[in-house]
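Structures for review follow.
Below, chain A partners chain B and then partners chain C, in two separate complexes.
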Partner chain A sequence: MSDKKILFEIRDLCKSFKLSKKRTLKAVNNVSFDIYEGEKFGVVGESGCGKSTLGRVILQLYEASSGKVIYHGPAAERLNKSREEGIDLCSLSKREMREVRKDIQMIFQDPAASLDPRETVGDAISEALRLNTRLDAKARRETTENLLQTVGLKAEHYNSYPNSLSGGQKQRVGIARAIAVDPSFIVLDEAVSALDVSVKAQILKLLNQISENRDLTYFFITHDLGVAKHFCDRIMVLYLGNVCELAPAKELFKNRLHPYTESLLDAVPRLGLAGRNREREELEGEVPSPIDPPKGCPFHTRCKKCMEICKNEKPAYKEVSEGHFVACHLYDDMNNNKI
Partner chain B sequence: MNQESFFRSSVRKLLKNKLATVCFIIVVIELILVIGAPLFTSFDPNEVSVMNRLRPGFWAESTGKVLEGHWLGTDEMGRDVWSRLLYGGRVSLAVGFISMTIGITIGTVFGMLAGFYKRLDNIIMRLMDILFTFPGVLLALLIVAMLGVSTVNATIAISLWSVPSFARMIRGRVLQIKEEEYILAIRSLGAGDIWILSRHVLKNALPTIIVIATMRIAGSIMSIATLSYLGLGVPAPTAEWGGMISSAKTFMYAAPYLIIIPGIAVVITVVCFNILGDKLRDILDPGLKD
Partner chain C sequence: MENDKVLDVKNLTAAFSIRKKEYEVLHDISFSVRRNETLCVVGESGCGKSVTTLCIMQLLPKNGHITGGEIILDGTDLTKLSKKDIVKFRGKKMGMIFQEPMTALNPLLTIGFQMKEMIKLHRGVDNKEAERIAVEYLKKVGIANPESRLKQYTFELSGGLRQRVMIAMMLSARPDLLIADEPTTALDVTIQRQVLNLLNDLKKDMNAGILFITHDLGVVSEIADRIVVLYAGRKVEEGTTEQIFNDPRHPYTIGLMKAVPDVDSDEYNIEPIPGTFPNITEEIPGCRFSPRCPYAGSCKLCTTEAPEGVEVEEGHFVACHLALRKESPNE
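Entry: the complex of A and B
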């Protein structure tokens, strides 16, 4: 892993929403990690754990409360910085940020809501080109039709309105629009969660193909662990806006360390006899409110292995083995083995 | 995959409704009559004929008082009522349309800015509230009193009168649209505020704008009639429906048709535009229904 180039360095990123004078909601809390070039980076967690917010803060669709998002992609050179040095997206002006937008795109969960209902498919895609390139109308039309083909739609769909397409087709339009400007990084916010199983498989295959052909990095937000396991290279587990664990996908499923990861993976229903008699670590209770998060480890209220220290002290986030990070007091002694 | 355009499909839906179709046809006929007025009457609306004052129309055929050609009779100065009705309709409808257009343009700009920018919201909407607190006629009276009686000033007064309610309704719609995910999606493509406002917010607010515009035409026609009736709208001797009613009120008993005829014209026009607006709302913007 270490020989890979870093595309994003996220450092101490926080995002809180002010609800009223006294109450703030901490959606993302002190999150730090790296995203490597060309990888598919998965983020999993329960509803409301801050996955989507994290994605949107990275894209600067929400302003970060504090922390840094350092980007080492091609846009850095356009803004007269070296790739190694990178640029902190949080400190850019609106105009500079627009320059970066070409590089980083987003695909949304609900394909129906993310397309303007009064805009044809062709216009939606060529709008991306209009905003970011200097192609003339004819060239835009040509590029758009090529893109439609790339994502498995037909050129006839150019003049269709979104409401005449199926969910899968709409998501293909969303993908076409995102890759239209040749980005290097795409945030996929639950991009396949709203689709049928068969369509989901097709879209995932399409995303795989595109990433191979175009040298893309994905930030894949999902609550579907099965999808994350097969699609992603590395997976990060979030809980209440905090990172619990980050490891290569295979390693995470083989050797899970954090008790939260454990219960999360156990909750996945399994077919066949293999899991029939296994003991499940089912989670009890609800996720605490992010408005008033628990002291100490955010997970201690539901953790089976909760110790005294967990209630008072927030565990540090550390690397316990190569590329495997965890934030849990159980592994305070840097020991790789489970206690 | 031929898609019906948004406009054509709405017209088709509108014409499915019988009442709306009748109103639509009436409005079209009225527009043809009013715009092509010289084709449908041979009399000058302002030609005075003292000898032929207060001659009744076709309903008094048997009395022998009816003048050849004046099928709706003549008024207190011997002018032909039919041509005054047509030329008066020109003024009423023109003022209605123009003041609605001015009002909706200003209202849309204010409404979109207030809805889109939280910072401007308070300033703009409080300004609108100030305008809103004046009863409509009083505001128009004030403006006409300051600027003087003329058709242009009456139009300005009526335009201003409709700005706050437009701004308020459009702001509400923009507040909704602003939170839609496709706006965020377009922002993530790198679009700026002006691009989003002019291409996406406006386009999606358009149904609402069309609906309130149609309803507002009726209101504007009523307003100009009211102002003219009070002597603050279109100055005499120019024909205008409200003005016709006003000058006929002295002869209410001798010649009631002088009030009834322009009165019916106002009522039909206003009712038709209101029904059209209602039905358009059902088709274009079901959310606006109370």
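Entry: the complex of A and C
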């Protein structure tokens, strides 16, 4: 994968929230990975695994506790750095960060909550243009109407209020607003999870088209493994704030290495009758609290292949075959290419 | 097998009045749930699946009312009961599990108090016996240390445990019918798997029928014995799980299955249904699905006449003008 340009380098990123004097919640724990330019990078995991926090830390909506988020996009040049060198978003001032924000956008899960009910659709989108471009009012209106058509709405929707739109249409507005400033990177936090099946498929198709036409990179957070498999190029599996496994989407499904990935994929209800009478092994128990995470491998309390070493020593995160990373003691013997 | 039916819904029609106008939300829905069987009602939001359960529980909001049909549970037509009499059925004869157990349980009372209250009311036992029953049912749903759980409050439990408590509570009254409205939608996949396995296991020994409401076809294929597909307040297809998955006849059912990403397939196979779900205030002539149906152009009747349900094989009903034609939309 060396021919691909790196857009983000995430290194040893940690985010903890202080709950009280004695208790801290480690939401993201020492996470390192790269995001390539133009790819759809998927993050999956159960609730509380830190996937949303990770997205927000990358966008600097939360301040990282430690670690680096190095960005190699167009904004680097605007801040007088070369793109190869990149900029560490965690060390930028607020003013510099504002410059970067034009490049990085976010689409939220609940489209209704992310739109102001008293603002028309047109105003919501053109506000982004007003703040970030030098277009005059007429040009802004024109651009907004074009954007509405790009996302499959009509120019007439310019004057509609969010309450007159369906869930799918609202999410289209959210997408239009995110792409208005011509970003290079979008974090989609469960962007299709609240939508009905038939509409979900429509929105995924739209997102696919947009990424192809506009050279976009997606950071796609989801709990839906079926969607992740078909929409994303690479998938990262998180558990309790730690990376379990990272691999190209199809490779991950075909050749899952981490026991957690295995149980997660096995738990997904399958369509049709094929899997019906098969006894599925269920993952026992529940995700431990991130306030007091287990020692050693975070997954060892529920792992069926747990060994003695797992209880005491946290497994290293390493590349076991090209582009396939895993953090599990089962693969300790394989040639170590630590990153 | 007539007396095998726990619940028999016949030609149910319901309407909501909004700004003094009447809008029909359910039209001529019929289905039945048999003992020891799980019937899944599937559809997208707004299709009327939750309204159906609310009709059965007689819990419709003030502006909603049943305008026709019968709901027969244990020989009694629920639509004809007074408010006072329906209370005897709720909980006792039919229990309901909701999507979000946190809102269904009282956060100020312990699990034990809430369970015992229910058991005492419906089974007429004393406090000690109620506690014994509560423990027994918590064990049945796979909760470890049930005695200490009884002293806990809902906020001390995780989502999966809360749902188990809800299920235990509903089962402890030994109902004939268990209504589960999206019980696993708010849960993570691994916990969802636990709850689905639990419901499948319980089905065998609780001697009741389960009416399971969901939008997730994956869940349906794992839990259903029979399936009813709703679209915009109409029943578009009904059949056994085998019939629906092996031989779906209605274009909506087919479209719905194609829109779900297949985890086991390597090809990009998500195919959206074009258009949007109709609002209840919209009037659509003919078949309600016709504006989104890929086959509607080939048949004039689709846009002029609402299709009647026809039985294409035993127990498999389809409401589509094209279902009986040779060139069935399946090909």
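Rule of thumb we're sticking to: the second predicted complex is superposed on the first by the 326 of 339 C-alpha atoms of A that agree within 3 Å, B and C clash if a C-alpha of one lies under 4 Å from a C-alpha of the other, contacts with A are read in each partner's own complex, and residues count from 1 in each chain.
Rule of thumb we're sticking to: a contact is a pair of C-beta atoms (placed from the backbone, for glycine too) under 8 Å apart; a residue touches a chain by one contact, two chains touch by 3 or more.
All values reported here derive from a predicted model rather than from experimental measurement.
Asks: After the superposition on A, what does A:Thr120 contact: first (chain B), second (chain C), both or neither?
Replies: In the superposition, A:Thr120 contacts chain B only.
Asks: Is A:Val227 contacted by the first partner chain B, the second partner chain C, both or neither?
Replies: After superposing on A, A:Val227 lies in contact with chain C but is clear of chain B.
Asks: Name the contact category of A:Gln202: first (chain B only), second (chain C only), both, or neither.
Replies: second
Asks: Between chain B (first) and chain C (second), which does A:Arg101 come into contact with in this model arrangement: first, second, both, or neither?
Replies: So A:Arg101 only meets chain B here.
Asks: On the A-aligned overlay, A:Ser160 touches which partner chain: chain B = first, chain C = second, or both, or neither?
Replies: first
Asks: In the three-chain superposition, say which chain, chain B or chain C, touches more residues of chain A.
Replies: Touching more residues of chain A than the other partner does is C.
Asks: Quick check on the superposed pair: does A:Ile309 touch chain B, chain C, both, or neither? Answer first, second, both or neither.
Replies: neither
Asks: For A:Leu61, is the partner it touches chain B (first), chain C (second), both, or none of the two (neither)?
Replies: Only chain B is touched by A:Leu61; chain C is not.
Asks: Where on chain A is chain B touching in the complex?
Replies: Interface residues on the chain A side: 59, 61, 94, 98, 101-102, 105-106, 108, 110, 113-120, 127-128, 131-132, 156-157, 159-161, 164, 174, 177, 181.
Asks: List the residues on chain C that touch chain A in their complex, please.
Replies: For this pair, the touching residues of chain C are 44-45, 158, 160-161, 188-194, 196-197, 215-219, 221-222, 241-242, 245-246, 255-257, 259-264, 266, 268-274, 276-277, 279.
Asks: Would you mind writing out the residues of chain B in touch with chain A in their complex?
Replies: By the definition above, chain B touches chain A via 1-3, 6, 180-182, 184-192, 195, 199-200, 203-204, 206.
Asks: Where on chain A does chain C make contact in their complex?
Replies: Listed in rising order, the residues are 46-47, 166-169, 196-202, 204-205, 223-227, 229-231, 250, 253, 263-273, 275-276, 280, 282-284, 286-287.
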